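Would you mind keeping the following structure in view while I ask a few things?
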Amino acid sequence: MSDSVLVEESEKERQDARKEEIATRRERMGAKEATCLDPPQLFEEGETLRSIDEAVFKPVESFPKFKWYVMFAISSACMGLFFFCFAYTIVEGIGVWGNNNPVGWGWAIVNFVFWIGIGHAGTLISAILFLMRQKWRTAICRFAEAMTIFAVICALQFPLIHTGRPWLAWYWLIPAPNQNNIWVNFRSPLLWDVFAVSTYFMISLMFWYSGLIPDLASLRDRAKNGWRKLIYGILSLGWSGSNRAWRHYEKGYLLFAGLATPLVLSVHSVVSFDFATAVIPGWHTTIFPPYFVAGAVFSGFAMVSTVIIILRHQFNLQHLIRDVHLELMNKVIIVTSLIVGYAYSMELFIAWYSGAMYERYVFMNRVMGPFAWAYWSMVICNVVIPQLLWIKKFRTSVLLMYPIVLLVNVGMWFERFVIISTSLHRDFLPSSWDYFKPTWVDVGLFVGSMGLFFTLTLLFVRFLPSIATSEMKAVMPGAQPTHHGGKH
Amino acid sequence: MAEKEVVGLAGMFDDPNALIHAAETVRDAGYKKWDCHTPYPVHGLDAAMGLGESFLPYIVLAGGFTGIAAALGMQGWMSAIDYQVVIGGKELFSWPAFVPITFELFVLFSGFTITACFIIFCKLWRWNHPLHDNNIMAEVTCDRYAVVLEAGDDKFSEDKARSLLEKAGCSDIRTLFKTQNDDSFI
Amino acid sequence: MFSKKFDRRIYLFLIFVFGSGAVGMTFGFYALWPANVEKGYKPEQPIEFSHALHAGDGILPDGRRGMNIECIYCHSNVETSAHATVPPTSTCMKCHSQVPARLPDGSLNDAAYKTRPQGMAAFAELKKLIEDYHGAGKPVEWVKVNDVADFVYFNHSRHIAAGLDCTECHGDVGTMDRVERVHSLKMAWCLDCHMQEPTETTTEQYKELELRGPIHCSACHR
Amino acid sequence: MIQEDKTKSKIQLFTGSRDEVNMAEWKRLPAHDENFTEPSGLDRRDALKIMGASAALAVGIPGCKRKPVRYIVARNEMPEYQEPGKVLEYSSTWTDGDFPYGMIVKVVDGRPIKIEGNPDHPVNGESTNAQMQASTLSLYDPDRMKEPSIGGSVADWKKADAQVVQAIKGAGSVVLMTKSTLGPSEREWVEHFLKAKPGAKHFVYESVHDTNRRNAWKKVFGKDGELIADYSKAKIILSVGCDFLGTEPLSVEATRQFAQGRRALDDGTDVKMNRLYVAEAGMSVTGSNADHRIRIKPSEMLKLVHGLRYALGGQMQKLTEFVEANHLDRKVFEALAEDLSANRGKCLVVAGQEMPESVHAAVALLNNDLGNFEKASKVFRWNPLASRLSVSDTEEIKSTLQAGVDVLICMGVNPVYDWPGGGFKTLLAKAKTSVGHGLYANETVSECTVGLPSSHNLESWNDAVARMGVLSICQPVIRPLWKSRQEAESLMLWTQQISDDAKLKGFKDWHDVIKKNWITKLYPGVKNGKIKWQDGLRSGVSVSTTFPLRAKLDTDKALELASQAMPEGGAFEVVVLPDAGVHDGRFANLSWLQECPDPVTRLVWDNAAMISPKTAISLQVSEGNLDQGDVVGDVLDVSVNGQIVKLPVLIQPGIADNVIVTTQGYGRTKVGRVGNDKGKNVSVLVSGNGGWIQTSAKVSKAAERYPLVKTQKYFKLEDDKMDHDEFRHIAIDGTLSEYKKDPGFAKHRYHIPKQVDIYNSPYDYTKGYKWEMHIDMNKCTGCHACVTACQAENNIPVVGKDECANGREMHWMRIDRYHTFDPSDTEEANPTVHQQPMLCQQCDNAPCENVCPVNATSHSPEGLNDMTYNRCVGTRYCANNCPYKVRRFNFYEYHDRNEAALINKKQLPQFNPQVTVRMRGVMEKCSFCVQRINTGKYHATNQGRDVLDGEIKTACQQVCPSNAIVFGNINGKGADGTGVSQVRKFKDAKLSYNVLEELNVKPGIAYGAKVRNPHPDLAKAVPAHHNHHGSSGSDGTHNHDHAHGDHG
């Protein structure tokens, strides 16, 4: 950190350079009037390759602002609460939670599904948008990928701690040779979860890290301080920007994207199998896999917006993560909101149409029963409020969209809560019906997991580039040759 | 200071079009040991350098199929052969239930294969590079492009190479020297 | 900074980390692997009772000859009960209040015989039995050697009735001066046998399943 | 020293024979000074914990590799018959309760661990009730009184005896208060005592007794004794406030007989169905089994009986007037009158012990009118030797004590707690010396000058007479754990010291007395008395057939007594009943009984003011918002004779309007850590001499609120919000006429889709053992004995009130209760009650197994759904996925967690060594008593034969008084070696159905649908919902296959 001296350049010099650059670029591109059919303007005029580097690497190369320390203090305090509640649960038992007999799964699994869902947006933005050649993804993909990893880390805490004997669960869930000669049950959706989520974590990590390598190399080469150079040097694995490497890298990255896309669909499908393969009415539904995936994308985009709006403001990245990016994300939010809205109504319709009395009852109970408050919170946050985004003003104004994306996060948490609690608390035999009330430990674990997430996020923006500069550069106007070289 | 050993020649460019042109020139000149260094992947450069499609997908596919085989083998052996635990009235080899894990392992093995390929084919096991020693690396990872001709190439001689680069339109040509003594092992 | 030497250092570092990790794991697993831990457990007992002398028929190092007493003479409930049962000290006294003890050279200890039971107490271990325990009405606290976890419900009678010999699990106790655990008595070890081809003594149900014994959970755990 | 192994002992069942306790050996049984109550070393839980911990530290240091050293502690001498781990069964008698049932005590390594009924005992047979099951728990209760005390400080027996004897010797007036359940030898020694101390008075005191009835019978039959009803012989039964299936003393026998009278399942052609009418104010177990239930205020009971008498005498008008005055259903009464008159000599009218003498007289007259006392009728027998003494007049006791006595001896009674109207403390204080003898240092004993600890039932010798010709022995199965002595022996020793009679001094101890009495009284003149004594000990009971005896009713006297009108009812009436769990409070410290749900209300750990929904509306009170998990409800100020008790509200449909029903036995203050300060003491609401019914009470809503915990919160099979069609066919019932038309109506009640498996099970269940169960809901009365038996057998922890409130009770077996209402009954006043025992269904396609990630629950080739605790990591997924919600999770370390409320470590000796004690974080559930199955199977296999039908019984099956539960091998042969096993027969019966069959989980438990037997004229009204559903049943050929086929 001792070398966090910025590359000083006199303001005038810089402006001049930029003007010059703009002029040449315009010329090269054959400037013309913009039309509405044009792709969105992803870069401000005057952006250069170097200016991107400088903007993106500034937070990494300078001391953080006071605000960063305040935020870090708060989030790490929350993280402390998480680990306290974690330890308390292990020492005392699951009894310290609100779970009871019909409602065997409470907030822990809600949080698990919630965090996994958050994570999915990262992969989606990175992989699916990459496959679809959506250039606007470049500004947010790195951050979204990091968010995936942190969200999966948060999610992974819950399946472990929610078991009654976590000290055994962590290795009994792995098909490892043992003295009992007994293996795991491959028919259990929970075991599918173990494989799906750990695969997802590994793939996300590798995908994210491969994306980071060129940027780490940039950081290495910009570093003045020896230690910094050493660390980034080791981490960048000797990346030299060689085109012989880029050739495989590009292909591999495409393959990663191609693998991550079905993976992300499969992971949330597998998570939904936890419920869909059960016999409990309200869980046993075939609509769950697509419904969960759409919900995951929905909540993930909302979470990306929630964090990235603060981030770009904090680090003055508005010119790279532009309002147009936010607007595009809001469009995805509208689409996915409609999908989940469709799923909600379809669940009710099918429950009625099926004629199965237990199924019908569960959905009537969701809408009108003791957890109706949660159901309607979910519907309002997820289906009603996002419709405001049809209005352009709401899509583009940060102040107007921020409450909406926050509420989508809330709503998606409620969605999982509704699915888990309302289905379990009243199932087949009325004799076992009961209600679920959380305890302070439940709340502490949820708030604490937020702390864990934001702590990791803050460390990430402090030490690693939060925008993929090499990818940004590649899609900059004028960055690619105007005529493609071929065999002449 | 003793005469330094020349390891290559680097031609620096500011414009991707010029780079493409230069690459085509070098390619046509028949060089084998040379490379382009860019801050981001430049479209068309592979062709300009005369490089074919990457062979990565075939290796990855093989890795993926290994994953499928491993998953089915593991699940089948553990559930139906080694210890036959009867679960929920299902057959011992109840394959529909094994599909999710098979898919996940396909992806996982493919992912590992990609990473392994990265390390091997992108030479991510090699930290040293002559560009570091000649202060060119910082430029090519930021905003400039370089065509590097290695001294190891059969056709390489410093003068010919320099003139080739000049012909390709390069105005900033730098000689790459071997600067560090690497004889000792540690 | 980034020289070939640098690369080599990194390779060395990685080799060291992964290598020591692998060695450590291998060693750790071997050392902690329950079968390796459990086997060979040979604790000191409150009375140095020699199974070799009582149950064996070989010659002991001190020249005495084993008496070849049937296991069931002392472990009398093994055919009817879940427990083989360690005998009460009164079982020892059935003989030791009557039979003369032998001196290390194998000759009869006539003095002991004449002045029994006080004379026999000359033998330190027998003295413990006769005076410290049986005489004082104190039970002997034998250290458990062949022990399974509390959630394992092993039934001796069923195994004896199925034709197993004591030695199949307990080893050749007749050669042990001090009893030692020869098998891990872990689940995997039990299954080695239970998953074998059925024998004649196997019940019909398990014959159909082509098993020697049951392998479902409630057979042993409840 | 009593265990082969300090840490555990594993036992083989079925090797035990019922043996006499050799006296010499008995003295060697473990006592308090040995390491019995403080097991050193590790127990199972510790071992489990260490396992877990060491696994958690899997990469720990190799040095700490071995588990803790464990020992085998070999005895010096093995007591006769004992083998380590072997179950010894001793015959004995239950003297703790209000009726001396015969029992078998299972003893392992010197520890009594389980109680079963004595099959040789003619009254209860193999069945028991819940309280008997808890006997072993009370034996080890660490809160028992452990040594004598004088003036509040600890003393030894010598000193205490000296003081008592001295006080008696110097006293002018001595009062001896005992309980009513004294055995013949005890009664004899009370006589000896009274003879030895002239001026001494003996009072019999109980807070729950049947003396009202006994006194009435004495008056109208002219002799002391009791009428014993045989419910199996009656075709029509009318209960006038009589809970003969619940809290009445003979309920175990009555339940069996009642169930014998309701046979529909065994064979479609052999239907035997009595009809039960119940007129009651509260909602009792009996009422919940009624075919017709009449909700009526207690003050109207006498009029009801008289009305019926008139109606039978042809004066229907009187009955009609009564019916109309009480807004009752005239049709029910017409049906009742018709049924009674059509079944003369084959019907039964019984009145509850709470009823005043006049009602009993009127009922006797009614029975007499119906010819039930005639010789040809077999429904009643006269028993001149009742098991219990009549209690003394409380006014007489009061006046005697108020006059001041020198010595007051309270033996096994607790009047300070339960004296009617309260205030015994001041009476006690008037005695110069007071002696309290009790199991606990209870409210009375702690107030006495001399407090003496009584030995427990299982530590005592005694004899008991169940009825004429049934004499049983109570023998100790363990030496007293504490420095206690049984009450009778104290009385004997004191009598010996104050008496001059040399004959009395010949007895060394109470064992001598019992032995001598047994030999000389039962077998006078028999030479080899000792053999007879040993036979007696072996079987536990001596039965001589002197029955049936008859009594002649003195109708004039009966008419006179029956004309004593009951006081007119006020705005509110209060009925105080004995509690189904803690009875009169004597079992208050037994956590099993505290947590055993009330058979009717499912209330645990409390008593309450039970009121009807309509009364709740008029009083503007509620139970709290149960929908939102809020159990804190309103409290009522119930005031009787100026005494106010604050009782929390429990709304129970079926209770008569404006009647408050509550139960005794709560509000104990000095019983122990479990029972103290639980519920409210309602003894102040009772007036002396059996005044449990208060016709003029004041009731108002109190300011405070109180949480009441029920283990079941929802009782309806349909939901209000839904269409009326949305009826859950879980507990299926039908009427007798419906059954006769279509015996398989249970399967036709609703549409079950065709079921297809995509997998074939690897097991062939048609061969070998396949354990299955059948539960006949026709027989089950919902008495909850099975719930407690299961708890005793399987080491099931008690969780406490707060945890129950959170829905975390651990009972492996529960009895679900559902209410349905007639559509015309909009107030939900009079429910039709369904009782359905619910336990693990051992599904062949078990949904729980599929979801366990670690194979902790899997299927055995014998059809059992195995739960392997040691493999379980506690994901709770299995519990979620169980459609029956029968899996229970250890949210905490319940066996250790709460010192005060729960079974703590000192009760460890009660644990069944055959069953793993589960640690925290582990799922558990009913295993079909797999420990019994395995040991039974080993036993048979070692002998080279198959298990016989009925050889293996589950704990719930064994205890069930009505034999509602049948368990066995579905592929097996009958007990006689031919045909098919009983469970197969029952499961193949047409009435049998599976709960939630449409899920295709293939449950291993089938239920026999309940056949109700309403009067044919009234059959339409009950049950309520069936007109809407399924096939009409009019087509007799509409069989099961058809129902499947047409929609598949």
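So that you can tell them apart, the chains are marked A, B, C and D in the order they are listed, and the count of residues begins at 1 in each.
Assume contacts are C-beta pairs under 8 Å (C-beta built on N, C-alpha and C of every residue); 3 or more make two chains touch, one makes a residue touch a chain.
In this text, all values refer to a predicted model and were calculated from it rather than measured experimentally.
A.B. asks: Name, by label, each chain that touches both members of the pair chain A and chain B.
C.D. replies: Joint contacts, listed by label: C, D.
A.B. asks: As a test of understanding: of all chains, whose mean C-alpha position lies farthest from that of chain B?
C.D. replies: D
A.B. asks: In terms of C-beta pairs in contact, which of C-D and B-C ranks higher?
C.D. replies: Result: the pair with more contacts is C-D.
A.B. asks: Between chain C and chain D, what is the gap in Å from one C-alpha centre to the other?
C.D. replies: Whole-Å distance between the two chain centres: 47.
A.B. asks: Once you find the CA centre of chain A and the CA centre of chain D, what distance in Å lies between them?
C.D. replies: 58
A.B. asks: What whole-number Å value describes the gap between the mean CA coordinates of chain B and chain D?
C.D. replies: 79
A.B. asks: Of all the residues in chain D, which ones touch at least 2 other chains?
C.D. replies: Residues 58, 847, 849-850, 852, 855, 858-861, 871.
A.B. asks: List, in ascending order, every residue of chain C touching at least 2 other chains.
C.D. replies: Answer for chain C, listing residues that touch two or more other chains: 1-2, 7, 10, 191, 216-217.
A.B. asks: Of all residues in chain B, which are in touch with two or more distinct other chains?
C.D. replies: Within chain B, residues 83-88, 90, 94, 97, 125-129 contact more than one other chain.
A.B. asks: Which of line, ring, star, complete or other matches the graph of chains that touch?
C.D. replies: complete
A.B. asks: Along chain B, where are the residues that touch chain D in the complex?
C.D. replies: My answer: residues 84-92, 94, 96-97.
A.B. asks: List the residues on chain D that touch chain A in their complex, please.
C.D. replies: Residue list for chain D touching chain A: 52-53, 55-56, 58, 626-629, 712-717, 719, 721-722, 725-728, 730, 803, 806-809, 814, 816-818, 836, 838, 847, 849-855, 871-877, 879-881, 883-885, 888-893, 919-923, 995-996, 999, 1001.
A.B. asks: Considering the complex alone, what residue numbers of chain D touch chain B?
C.D. replies: Residues 757-763, 844-850, 852, 855, 858-861, 1002.
A.B. asks: Which of the residues in chain C come into contact with chain B in the complex?
C.D. replies: 1-10, 12, 191, 195, 215-217
A.B. asks: Okay, in this complex, where on chain A does chain C touch?
C.D. replies: Listed in rising order, the residues of chain A that touch chain C are 178-182, 226, 229-230, 233-234, 238.
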